[in-house]
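One chain, subunit A, appears in both complexes that follow, with subunit B as partner in the first and subunit C in the second.
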Partner chain A sequence: MWFIGSVIVLAVGVLLYVPYSLRSVDGVSGGSGPGLAYGILGFAMMIFAGLLGARKRVRIWRLGRATWWMRGHLWVGFLSFPFILFHGGFQLGNGALSRALMILFLIVFVSGVLGAVLQHFLPKMMTERIPMETIYDQIDHVENQLVVEAAQLVADASAMVEQAIEQQEEAEEKAPFAAAGKKNAVAMPDERVSAKIKAFFETQIKPYLTSRRSQKYSLTNPVQAAAAFRQLKLLVPDTVWPKFDDLESICGEKRELERQRYMHKWLHGWLLFHVPASYALILLGAVHAFVALRY
Partner chain B sequence: MPRVRTAKALAKRIDLQYFTRPNLIKKWRLYLSIGLVVFAVAWVAYEGVTRNQRVYTKGPLSSAHAVLTTNCDVCHVRDASFQAPVADKACLACHDAPTHNQLQRFTPTCGSCHVEHTGKAHLAEVASSGCTQCHGDLKTTDNSHSVNPHIGGFDKQHPQFAAVREGQKDPGTIKFSHAEHLASTTRNLNGQVQLDCQDCHRPTNTFAPWPNSVAVIQPASQQPAIVGVSDSQQRKRRSVEAGGGAYMMAIKYVNQCAACHPLQFDDKINDPAPHDKPEVIHAFIMKKYAEYIAQDPSAVRSRVDDINTASPLGYKETESAIRPTRNEAAPLPNSAAEWVRQRTAAAENLLWMKNCKVCHLATEHDAPGLPQSVKGVIPSRWFPHAEFDHQAHRMLACEACHTGIRSSKQSADVNIPGIELCGPCHKEAGAKAQAAEGKCYVCHSYHDWRKERTIKGIMGISSAK
Partner chain C sequence: MSENFSETFIQTKEIHFTLDGKDVFVQRAIKDPVPTIFEAAQKWGVTIPTLCHQQNEKPVGVCRVCVVDVAGQRVFPASCVRPLEEGMKIQTASEGVKAARKTLIELLMADHPSPCARQKLSSDCELECLAKEAGIKQTPFAPRATPRGHDDSSLSIAVDHEACILCDRCIRGCNEIRHNFVLARRGKGYQAGISFDENLPMATSSCVSCGECMVSCPTGALTNKKVIDQNLGEGDAVKVADMQKLDIFKNVSGTFLNLNSNAVRKRTYKAGEIICKEGDFGSTAFYILDGNADVYLSSPMTHINTKGKKGFSSKLKTVLETTNRTKGSKEVRKVSIPIDGPVDLAYDNPIAHLKAGELFGEMTCMNYYPRSATVRAETDTTVYEMLRNVLDILRRNKAFKARTDQTYRKRALGSHLRGIPIFSTVTPDFISDLRDRIELRQYAPGQLICRQGDPAHSFFLVRIGFVKVTETHPGGELVLAYIGRGGYFGEMSLLGGGVRTANCIALDNVEVVRIRMEDFSLMLDSFPEVRRGLEAVAAERAAENRRHFTQIQTVPVDSFLAQGLMEAQSLLVLDLNKCTRCDQCVQACADAHGGTSRLIRDGLRLDHYLVATSCRQCKDPLCMVGCPVGAIRRRNSLEITIEDWCIGCGLCANNCPYGNINMQPFDVQTIDPAQPNRKVAEVKFKATACNLCPDHDEPNCVYACPHDAAHRVNPREFFAEFAKDSKGLFS
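So, the complex of A and B:
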């Protein structure tokens, strides 16, 4: 409905603009009758598109479905652009106010189109690429939990290693030759391994998990992360490996959260341009309309 | 045991109060929204306090009004209503705008035709729609029409120029053949010559001496003032008065004709007769003969029928039309007065019957007394309701527009180009159509400037600036 309606309105606008433009020997002007009509229509469309923000603030009011308002915002907002161009005769304007309005409108329109495109594609992409997606506002909270969880895993792993060392020492005392032979056959941990695991946590895992700019850490790269954990596993008995698998999983989750954070910025970052510029546009547009109608 | 990622486990990680804390993007969105709106309000307020109205202008003013750019109120006069459009009285405070026509039913506002804020150099360059809104379907207060009532513009239904419509004749009273004058057999003082259009027709801002003027056959001391103006101030003034060369200078005997058509009436008299009324010429001839006979009393005994026009300046007769005719035999004069009378009669007979009639329509001189010549009229402007600028068309050869001039043998021939010759270059859309301007204002003036009143200025320097 919105699509068909918008196409019809745009077609009518174009059909009226062509003869108006051709007959205007001195060029089209926003102050002429048709120019003024295009300006009023365009501004009315902007106001309607802007009502989406107001509608969101009163969600419980029975003012139509949210999707209806969103589609109206998209189509009518899109339609306002050609109408304002018709109003201004495809010129940037001569006065500072006119120019400011056109620049603001360009920002609003371009950011709006970009936002619509991003909102169309990114959510699906996020679902595919971020299975561990969480609420954006919870990312920091979850990351803190990941640090706690990782610390616990490291503590458990260290404890298991120390326990393995103790068991090894006991075994050596009971059967020195048998233990020595076993030691030679399989890499058995010593006291330094536990320290190495803790150091790896403190220097690599924890900074990475708490970092907001994690690109500089090698754990950001899944291949490098896998290699690092593989090397650690070589130092410990296989009974400890599940702990390292969990640590690697935590790093993987951190990567996903980082990806979500990055994609979320794209998904909503355009609003930093779109919304403020829209408010300023409507305010200055009202001033422009007031001055234009007065003079 | 590997990490468990059940929905329940994931849900447990969520801080249920998270929505009470604004996230970064929302926070910045709010800050930027408030900041930009505050900035916009501050900007508008600042421009209001400093009374800088330029920010609201919809376009640059015309060059003549550019000085008023920051002073909107000079033109946008506010009254009790909300709106402050440009009222006619604001325009009329500085400009007079004489009525177009007494019979017009509708008078448009100044601003509807002279559209400001488009950066035009000249506001007089108005759109044709201002004219065609009435002339497209003209209705007058008495329902009469002196012009075509359906003119849609230069490209649309513009009638043929009145001067070249079917049956129109040159209203001039001078007998003239362009064909003969432009022929290669034409002769002047020095023999055969090829005359050029510019030898006789020049824009009004031309100051070079005329090649065929009386100056050529008279000593410099006797040259008329119109030839050879050298004073730059006078030249400039005349140039302005002449409209910058828009029109051709009027054809005058002294400038264009005298060299080839001297009014020499007797080889005894050096000076040619003045190009004036018959009574002035008569007095001149009488005076000259009286002076001559006073200096040479013996000439009384000479016959008057030996009169001829062999020029003392060496002018050789060029046209059979002005060759002297042998006067009928007359008795020998018995006094100086009789000699003067007879000689004058013979000279006048020569002038009236030969010299003058070459160009002028005159009554036959078959009765005593001076002839009644028809006043010589040569139209200098052919479009009484329109203007044409020769200077603006100087890149064109004369014959590009005056196409039939070389074959024109009669004065009655109208050698003005018709509208069909303007069309290829001039189009309503002007530069948009890669053509010369074709709007109404190019040729027509809406206001009748003959009725312009003097404006008494009321503004001070501070109010204007």
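So, the complex of A and C:
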């Protein structure tokens, strides 16, 4: 419905503009009759598009579905661009205010289109790349929970390593020759391994999980993270490996949460330009209309 | 034989006989029956062993253990039934008698599970004691091949048919001593046994738990059950003699009361003291001995509201706000709140009074539901606090049952019936007339109240417990509703042709009020508005059931079977390929519900769809089971509603398997008990759940989504079209 309506309005606008521009002796002007009409229409479209913000404030008022308003915002906002161009005669304008308005309008339009594109493609990307997505406001809380889980896993792994050491020592006391042969065949943990695991947690895992700028940590890179955990696994009996697998999963989850933060910022960050610029545009547009008509 | 005249002019006779070689005699009054050999021997200090004979019961001579050797007789007669005759020569312990007794005991021991429960408990199983005296260590006879089973249905008495020796003492105790006529013999030969009514489990029979059968039983076939944590601990111990003075414990065996004495405690409360608090979990009931008590809801009668600064930083502070009835609501507010006591609370003034002789807390005690209301002593009050086994005795006691029936008819029936909006126009005169014609019936957990397809004769109001209503279809069974106190069922079949349209099963210990078809029809004829209202509800339910039936026949999609989504009737599904995570849905839900959102934008994922954590309006709404005040209920179609008298016990939130009910905290200013002129903030809770915004065509969360990503769907229909294409940017 919006598509058809927009195409019709645009077609009518173009059909009316072409003869007008061809017949203009001194060129197209925003102050001429048709120019004013295009300007008023274009500004009305901007105001309508701006009403989406107001509509979102009164979410449960039965003023039409939010989907309808969003589509209206996109189509009518898109349509305002050619109409303003028609109003300005495809020029920046003579005065400083006109130029500023045009630039502001371009910023709003481009940021809006960018936003629409981002909001079309990014959700699907997030769905595919962040299977363990959580609510954005809960990311900090989830990360804190990951730290607690990781600490528990490290404690369990250390305890298992220390137990393995004790069992090894007992076996050596009972049957030194057999134990020695076994020791040579398989790398058994010594007292330093437990300390190494704890140090790895304190210097790598915990800072990585708690950091907001995690790019500086090697665990950010999945290949490097896998290599690091493989190295750790070599030092311990295979009974401890599931704990490291879980730690690796936790690091993987942290990567996803970081990715979610990043993509969420792109998904919504453009609004930081678009919304204030839109308010400024409408305000300045009103000033421009007042000044132009009055003076 | 000689005749004598005593000083009181009673004519007596002497009977002379020989007992174990001694010449003896007994005197009897002419008008009295002739004594038996057993009685005569007893008078001379000779104890003849017996199993089936008990002094206070009519002898029947079935066990034959009491046989004696009478000279000149063809067989050994049973001394408990054989009358004494002049000149009899009786040997009570001859070699022949001993051999016969030994064989009998060996035969009985062959089928006896030694040691039986009684022998383990108190080492006084009469059969096993006899076997020990006779020097029987092992029986040469083979045990029976077919087991006879156990019956653990009763709360107070364990029935072990394996240990039963068919002595009939329990039958005679039940019939001759207590006149309850519950027990009888059933079957023949190896099928013979003891049965309650028509071979029903003891708990569902008409047994009144007087304990006489258990006291009469010589073996471990009927033994007292010890309830876990039977000892109530603190409080004054109750003497059996004091209990037996009360009408409600009349006709209950003193031995039985003695065995259960630790399950009752006497407690005294000063005026103003709280006896029990709403929302607390418990396992006891209270019987008021003297004094008066107030029963009320201390939770504010309102919905909660969250207000705070809006914008980027929001600080939530929860305050109370009176709910506003929205336009278009088709539901009429209930006028009474059902509680676990002999009365209901009026919605506009939720306080009632209890007096001596009244019982409260039955549902908590029998079914372990939270306390439904706060009870406070109005005057100095003395109560018996009791556990389930003692309450069960009370509930089965005819005198007590009659009294509670009377109380219910007088105090609660009217408010119960008229509390249902459809019946609100029924006049008090009609209810007075109806009072004496209703019947209160009890059902044990799992017992069928009415079966689909059976002829309908009654209409039911639920007084205690929960009733599960299901419909059987070729595709499976569909749970239509859980009906608790204050609810009703059976009207559809009475309106629609007299055949039950659903199965109604007692989910826990249930008591219903049964109104006969004739009285129900009279009510409909006398009050046309009631008929119209019922017909409208019946039509709506029938349409909904037809819709449910159609859903059952749809082939389910495998992908969501394992996650319980089959149970859902309505899912909030977010298309993650369109959702920009803007949280407009959550914000809209919060705006529509006083600032508290009822959905969480997280949950199960299926491909690119997210099933949000929001009420699924399950076909089998487990959340509804156990609400002590009936605050959570289902309207006539889908949506689950939580009323504003919710006491915040949290049972519904615990019951919901999907975490879709949340307990919202709020502060209430209450008087500090330590310093009465000071107020302190107390945190209370109310349950909240999505109710599908019934005042609108579309829920607010769906309405407010700018990207057409949120949808409320029927899971079967939706996932049947799983492979639909995602649409373009500007379509």
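One rule holds in what follows: the second predicted complex is superposed on the first by the 295 of 295 C-alpha atoms of A that agree within 3 Å, B and C clash if a C-alpha of one lies under 4 Å from a C-alpha of the other, contacts with A are read in each partner's own complex, and residues count from 1 in each chain.
Note that contacts are C-beta pairs under 8 Å (C-beta built on N, C-alpha and C of every residue); 3 or more make two chains touch, one makes a residue touch a chain.
Every value quoted in this text rests on a predicted model; they were computed, and no experiment measured them.
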Worksheet item: Does subunit B (first) or subunit C (second) touch A:65, or do both, or does neither?
Response: second
Worksheet item: Which holds for A:229: it touches subunit B only (first), subunit C only (second), both, or neither?
Response: neither
Worksheet item: Is A:120 touching the first partner subunit B, the second partner subunit C, both, or neither of them?
Response: second
Discussion item. Between subunit B and subunit C, whom does A:201 touch in the aligned arrangement: first, second, both, or neither?
Written reply: neither
Discussion item. A:3 in the overlay: touching subunit B, subunit C, both, or neither? Say first, second, both or neither.
Written reply: second
Worksheet item: What is the contact status of A:134 with respect to subunit B (first) and subunit C (second): first, second, both, or neither?
Response: both
Worksheet item: Just subunit B (first), just subunit C (second), both, or neither: which does A:272 touch?
Response: first
Worksheet item: What is the contact status of A:142 with respect to subunit B (first) and subunit C (second): first, second, both, or neither?
Response: first
Fill in: Larger contact residue set on subunit A - subunit B or subunit C
B
Practice prompt. Determine, under the contact definition given at the top, whether A:38 touches first (subunit B), second (subunit C), both, or neither.
Written response: neither
Worksheet item: Which positions of subunit A sit in both the subunit B and the subunit C interface?
Response: 134-136, 138, 264, 268
Discussion item. Per the contact definition, I'd like the list of subunit A residues that touch subunit B in the complex.
Written reply: 23, 25-27, 29-31, 93-98, 132, 134-138, 141-142, 145, 242, 245-246, 249-250, 264-265, 268-269, 271-272, 275-277, 279-280, 283-284, 287-288, 291-295
Practice prompt. Would you pull the subunit B residues touching subunit A in the complex into a rising list?
Written response: 1-3, 5, 10, 13-15, 18-19, 21, 23, 25, 28-29, 32-33, 35-37, 39-41, 44, 54-60, 72, 76, 82-85, 115, 117-120, 127-129, 428-430, 432, 439
Worksheet item: Along subunit C, where are the residues that touch subunit A in the complex?
Response: 576-582, 584, 587-588, 591-592, 600-602, 605, 608, 696, 698, 700, 703-708, 726, 729-731
Practice prompt. Enumerate the contact residues on subunit A facing subunit C in the complex.
Written response: 2-3, 52, 56, 59-60, 62, 65-67, 69-71, 74-75, 116-117, 119-120, 122-124, 126-127, 131, 134-136, 138, 264, 267-268
